[in-house]
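What follows is a structure written as structure tokens; I'll ask about it next.
Labels A, B, C and D are assigned to the chains in the order they are written; within every chain, residues are numbered from 1.
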């Protein structure tokens, strides 16, 4: 009897962070993959991860619409509750032997709570990291619900143990997203036209003289300020006067403010060297980064994959505060001048040294092997 | 402007554990109480806490039906999700300054997640304790979502800090349930007739020669075994041949097994010295315990209030394992012989020394004062 | 490509009313059966239809817990809403070509609304009947959502057309429950021991001198009176002094009052010739009726199957008012004297003439054939 | 004791259709207004009716987020189910004597079902009309759940009676939206600048030479075609070469297609005499219509208010098919040439005769009086 491993993907970024593990689970002789796609991962507006997942050849066992309209704090809570209800039904019908939940977005608590309440051994990917905002609370709450912890860094594992988890349930697997980065490094040249492949808004811009990539999400605990924050980044980047590829943020409380800031900037400034994209397939996005001068914003990609790839990063504001980082990152405030300064410093320095901080590129297979081997248990106590 | 303190009561036992704090909040000059009653606390079948709450003169701002039928693991998960959705709406309409969630039942995660996702400072009562079962996971997950921790014991506070909570957010307030016990101790005689006041099932039994009280809940991680476990207790107690006052268990996955075990025992054995009750008003229950020879089962009352009252307790099985205990407790397995032996030992020894392990009887006022004084914050990071 | 026919069974009685159609759909060369079991049909407390469905060899595609605890009007509404949400997900994953909803219980609106909102052609079984209570509103609302109407009687079809449905979408198929009755009539003797097969509560009673069967549900619009009503029936039947087989009511607002009335009667009267059952497999129940002196209560079985079987029926109160009936029925008020009088009249008269009012015993096959032939449409307008 | 009248507003258009009744209820000596705002009425993206409601001075008892992201058929069903659950809780806490639901959008079934299941007398506004699409099913299903019917036209009342409703529960009150139109007619000149008051997208256009107004919603049963349909209207209107004020559609399955069509048209054609608005305050919108050359699209405003105001209307496609209309309407297919032709015909003819088809301008007060006088009943049977 193969172990049935149910993986719940709830967002575009989470898919990138689990994809090589999905492949490894699917091809493992002792495992059966049960893939569930839910939340913003089924919504066109947030990049329609479902489309990419199917294009990658994965069979999807169930899809669940669970995101409420409103993009505010109330709807984040309600979407999570709704997800918990429906995922319980999904698990009751699929009867998995283990459930995997990924990272720390608000709706991941739905997966974690449903599985742990149903006595299904729960694996949490990417626990033990420290950032800011509600993600922080969610991530550690999921740690306390999970039976196994597959972390990205040694320090993360250490934190999970200090929170009272037993050492034999904590594994530093590295992040599967680094596996994709490792693949990209084998052929890193930009071998596709981003504008013809992904469309987007605005005229194509000339990438030959170098370009920067921007990806800035709203911060849920700074909900009211998301518009003000995005404006600083918009003008900081504009003043750098480089070809700019700007990516739309994910669904989250506050992204209406972020979106509105971007829209008004476009109407007012009609920036000719800006192009706006929604989402790229993960390895295309990494290739784009590999060939960029810098990534700006507050995405974790800048901290994680870009440390592995050696891409210079300008990290704006509080969203990634506390997260371990390599030498590729310059941290700045929500301030257009600091942002501009950091971009210029990176331009003068160029590419950075690569680091294995977040993984060695073999996480997917390592995870599948662990899933086939660890004991199936769902009871635990504090280690102290 | 008074601080609006929203307290969500979801079960009979939780009401007993917060009642003196509710009174203190209501009469505090700087606080306004917003009381929400939900889950099994609105269901007649589980003791109808709502009725007692209204009888105690509290104004109830909102009631929420949220428990799904089935009493199994799936429905526990779904009820919690449903509660999260509806409590988000309640909080959105009441706009509290702080929310209080109590202890560790599965549905308390609904309150905790809704409040923390909505950036409302969350206070968790009774964190840091160690037991078994799903409660363990829920309790510590709520700790990671909460901004303030009002614990019952020094060791519990220490555990909360070790889990990474900042010391300045952790207060050892003691348990408000001990406040009621302290009140009962001022006039501990059994001054009411339990049968005429609370009805119940079975003929009245003669309490004059001494009696025992039994309260045994199903254990969610031992779902399948709940019927076998209750049978051991039923026969262990029967063999002690004492007047027995048996209390019906709470709603929880597995209580159908527990209930069925009890019903079949009644049909088969027609026990003449057993009487079955649903629920008592908290102080009546404590008076009943004060005058009993022993409490048997796996209720936390046996560990907490009874240590303060010095009532001998036979603690059966795993549900309270890990919880700190006074000298009044004898632990036994799910085994009728061990249970009988422990009862007999207690009968030969009599009352035990009182202990302040779980509180000094002044928790309610202490909590209200803290609620009026602590800063309103909802962001946090691991302390390490 | 076979047409995928999704049938949602939400209660024990509904299963009996669709079973022969399920068999016919399953074995039809152009149809594929997608069976979903939900609501009280998955709950042990209400007869656990799921167990019988599986025992009958049907594959169940999905099960959904959706009934909230409380058994009151609020929880009926909430359960229906919850069901609508979850069934939408189920339909989205199963992608049926047609959906079938059965009869008029509150939760059938969930199936009907989910399917019609999703542009899936909806078939309603048993529309056009007239009773009382909330069922009346639900039944006709479902008619207005449905694309096809498979009714039991000619008068029902006529009513559906008068409500504005187009004649070409209305078929008088007869009720599949009559198919089972027709099968039972082929070998109607009581060839099993009800007590050993179904257990129940109370000592076995002697059936040799004749017995009556009682089945009385609470009436949702007379919520407060359900206990008073059941008491009249209890004493009316008791005074008849016959062996009595009493069946527990379904989940519905008010059944707590009904249940309480029965429990108190048992405690007080300790009736020696009463035996209480939960639920029988449908054909066993019909056999029991075939051999009984009379059925008493307000179940539709007394009106429908019993008219086909010729079993004398005492119909109590308003629940079936308006429903077409054969000559086997005597209608009485909630009054113990009238009930007793009607029982005695039936005893003196004996069995009645059989009637094809509700079907000819071939409904199941007729329904499957229609499902394979009718056009798949989901748009409609009032016929006037 | 005043009668508590709970009105649930779930969309911008519904607010316009109930507003004068709200005012009349609020000021009626025997009535107390309990206003609940939910669904798209609380979402900024769909016009934020809540803001206008508060600006109009109404006290809002409860707000409910209940719309799921996705704007497809699955999410329409799920949003309705979610609304039914939450509105049940709202009604359980507000304890209204009557509930009012308005018109026929998918989510109005949530209000209707929750109220009728809870035995609260339900008033349905605007029943008995005939259109196309899912609205048709919803409207008549709500009729079958409702206890009172306040219709807009005599023919609508006749249809409601033919569906089996008792004549004494059916009142032709006229539509409250006509009350606003009657008020506007007292001072119909365009006394505000639409661009400065409402912003919108695109440069201001010159209104002095005459302008047209466009409002076209997606049709749920023609989900896949919504983009193709909007394109015909876009080019038909463009070819008329008039100043064009285009209003964004409501939330509904398919509006993503509609929105996308509009966005691509704008990018491609960069139309200089088009301006895009989201929503206007109702009387401002009517003033704008009064002074327009024509309204184009498939909004019911073109049929209802514009017949009263005598504004020429081009009605495109199936959405309003079956609805009674005055002499102001020209019906056309989804065809740019027909659309252009109808606009040109209207331009040559000018304003039309006014009609009282949908009301006499006194509906609000009439409704409040009825609400204070009709018996409170919640049981009904088919009239035949």
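In the analysis below, a residue touches a chain if its C-beta (ideal position, glycine included) is under 8 Å from a C-beta of that chain, and two chains touch if they have at least 3 such contacts.
Source: prediction; values computed, not measured.
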item	value
B-C compared against A-C, more contacting pairs	B-C
Chain of greatest Cα-centre distance to subunit B	D
Computed distance of Cα centres, subunit C from subunit B, in Å	41
Centre-of-Cα separation between subunit C and subunit A, whole angstrom	51
Contacts with 2+ other chains: residues of subunit B	65, 74, 78, 82, 85-86, 89, 92
Contact graph of the chains (line, ring, star, complete, other)	complete
Subunit A contact footprint on subunit D (complex, rising order)	40, 42-45, 65-70, 74-75, 78, 82, 251, 256, 267
Parts of subunit C lying in touch with subunit D, wherever the complex brings them together	73-74, 76-78, 80-89, 91-92, 106, 109-110, 113-114, 116-119, 130, 132-134, 136-138, 140-145, 159, 162-164, 220-221, 223, 322, 378-382, 384
Footprint of subunit A on subunit C - complex, ascending	62-65, 82, 85-86, 89, 92-93
